[in-house]
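Dropping the structure in here first, questions after.
The chains carry the letters A, B and C, assigned in the order they are written, with residues numbered from 1 in each.
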């Protein structure tokens, strides 16, 4: 279709040219460089660097904490979204706008603030440690706290519009058919929300995996215990161990791409469940 | 200015949107492109406007090659189905747009622009809405503004894509009459796309019936309705009864010597072209009355013949004469009937039923 | 968000419980941290706070932060328009690939993003020897920091414009062209006014990220005080030197910036909603989240089945 068919709207060539140059310079060539760099190593060398005990521990900390934070965000994000859409209380609009704070607040600021709050001298930390004997700052628990902060808006903002779109009639229909509120939620509402919740969860998880700024202050950064992979990459860089940093970066990238792919598949799946309706509607109009 | 379309073909991937279409539209004529969704009518209109390019074929304006002329230079007025009014401009600015974007040398002065826009707005009887925004107008008003905007650049050709598709019935009827009137004043070639047969028959000088990327028939509204050239046109324009030669005997009989059994012959008869009679006569089919219902000026009778249900429309007078009741046995006679084998018409017969009408 | 009282809702205790849980969660994880920034910053009174901000290093970090945002945003805006124009207005092979590439930076850890540029421009990188020979500094200098910030903020504006322009459809631009407008006239008179609020929204988000970016910039900056230190990096240095007041004073400037961002964002959202209601445009109903995952609204339905089939095949290709 691209052959010489002229296009009515102008600017195709110009836009394509600029977009391609921009993407090539910033994304394609740098990524190609990374792949090329890692290709200089043999498979065995690559494998050795990627699977040292310290690297393994860092994967466990990074992905474990990110998963835990995403689960907490999934649960509370759903509750927050539900409360913000369905209930009325004073200051609701303000709080709604406030949910986006983690998008706007630089991660370094979040990092030092959370650390001072959850350290054993901080407002929250002293009670947690004094009363419950639970240390947060400078342990993996601190990492989870930072990653929860980072991920809050993702779940809320993906689920919120879907709750808004649910037609009241659907719930009313369920209750006229004899369903209790709990049954209505479990059988009618939750299945409708689930794709969005899953998307939000995946986004929060993906963001948390790559997070660096907010984590390094609160983590304590003890190798094997509370060292995340991005930090390990930086310490390799500081020792001029470029191959080591490259290998860990490739491992992280591959995992991130798998995540991105699953996000797109989720989206595709969610879109396709409704696509039949769009096509019928389009044909009738 | 006349429009000529020569051997146009257009494909989207594997989908053939237009298959070797040729068409001529003389100046002053109002032509309807009529067909179901996906028949290619909008694609053809967009190719004439230069918004889509054809894979093969030519478009000529007034005998001159225009296939590769850019939309900007074609001097066509295009009215979009969803109006495509500029949402952030007032009605006045919308209509003035085409004048304001002219190259400085050709651009009229501010006073002239004002005068021309207001003249057009009063032509579409909406001059009192000049300062409003599109969102503050009703659908019918938006459509008229879209027309005024298209006319502001004094187009040589007016193209309208489903101009009344998004409006409700009442407004639609009013605008149809108004479009006809406007077209007669402008004396340009106009083409509009529609899937509504009533609209096409009521407004157009000529109707182009399209189906699956090709033209089924071109003719005056009366021609396409009374003398359809194909089974598709029969079915698309109004109701029709279909009689099968095997089941319904001589109605669809054809000379078997010339037409060896390829397709079964089918006889097409419009409901109002069937008369119901109480006595048997040559060529009449016996049927039993299922249901009688008066609809406005007509009476619709459902009858059954050999297990199939047909529709007959009688005038109220005829119905009073007959006084039909459900369950009675009656005889059907055609007044006007066309027999097709596949796509091909093999006979067309008109019968004078004489008395009883 | 109907104001109508719903008969069909949870029982009162459950409503209270859920509201308390939601507000408690937001208070502990959002409200308290924000409050802490300002309390820590003013712990020793206004004098030391103001003094910390007057430090030449703090001022030069602020200047560098603003300069980077100023350099990155115009290029990013152009890219946003180019990408949105391509994706929302044309059909071409590789369109879904292009969409994926735009989202890619969301999936890359900022630290890895920084590393990408070190591998190319760093001392041991591909171009390293050549750059050294010609005495050009990219890594541990402004150009590297700009590149890293460009990478991180690449999707933001495009991501706002694409769904907006898809929802608006290309009818108005085609109408402008059929009325004789040139490409330039069409852009300034039709396209830009139609997306101005969406564009502003994207700029606000991209700006917040550009000014606040830490990981990627940290990798390529080299932390040279007074030279390659941005405000977030300055916060880190002071904090690691146990200069709590200084760190939180700088952090408070960034927090203030975040609050301004939130206010501006809410204002733009409000304007967009108003405009949607007023202009009856078919805009996406809610703001989509900042990142890759937001489902895009389906393009407006045309009347031809052909269009529907074309759209369907596009979707299945992805």
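To be clear about the criterion, a contact is a pair of C-beta atoms (placed from the backbone, for glycine too) under 8 Å apart; a residue touches a chain by one contact, two chains touch by 3 or more.
The model shown is predicted, which means the values in this text are computed figures rather than measured ones.
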Chain contact graph, described as a line, ring, star, complete graph or other shape: complete
Chain pair with the higher count of C-beta pairs in contact (B-C, A-B): B-C
Chain centre separation in whole Å, for subunit C relative to subunit A (CA means): 15
Length of the line joining the C-alpha centres of subunit A and subunit B, rounded to whole Å: 54
Separation of subunit B from subunit C, taking each centre as the mean of its C-alpha atoms, in whole Å: 51
Sites on subunit C at which at least two other chains make contact: 174, 177, 182, 302-305, 309
Subunit A, residues touching no fewer than two other chains: 1, 8, 283, 285
Multi-chain contact residues (two or more partners), subunit B: 12-13, 37-38, 51, 71, 165
Contacting residues of subunit A [partner subunit B, same complex]: 1, 5-6, 8, 283-285
Residue ranges of subunit B touching subunit C (in the complex, touch as defined): 12-13, 15, 17, 37-38, 40, 42-43, 49, 51, 71-72, 74, 76-78, 80-82, 84-88, 97-98, 101-102, 133-135, 149-150, 152-153, 162, 165, 195
In the complex with subunit A, residue positions of subunit B that touch it: 12-13, 37-38, 50-53, 55, 68, 70-71, 165-166
Residue ranges of subunit C touching subunit B (in the complex, touch as defined): 169, 171-172, 174-182, 185, 189-190, 193-194, 278-281, 300, 302-306, 309-310, 313
Of subunit C, residues touching subunit A in the complex: 1-3, 6, 8-11, 15, 18-19, 21-23, 25-26, 28-34, 36-37, 40, 75, 78-79, 81-83, 85-86, 89-93, 98, 100-112, 115-120, 122, 124-126, 147, 150-151, 154, 170, 173-174, 177, 182-183, 186-187, 205, 208-209, 211-215, 218-219, 231-233, 235-236, 239, 244, 247-248, 251, 254-255, 257-259, 261-263, 265-266, 285-296, 298, 301-305, 307-309, 311-312, 315, 318
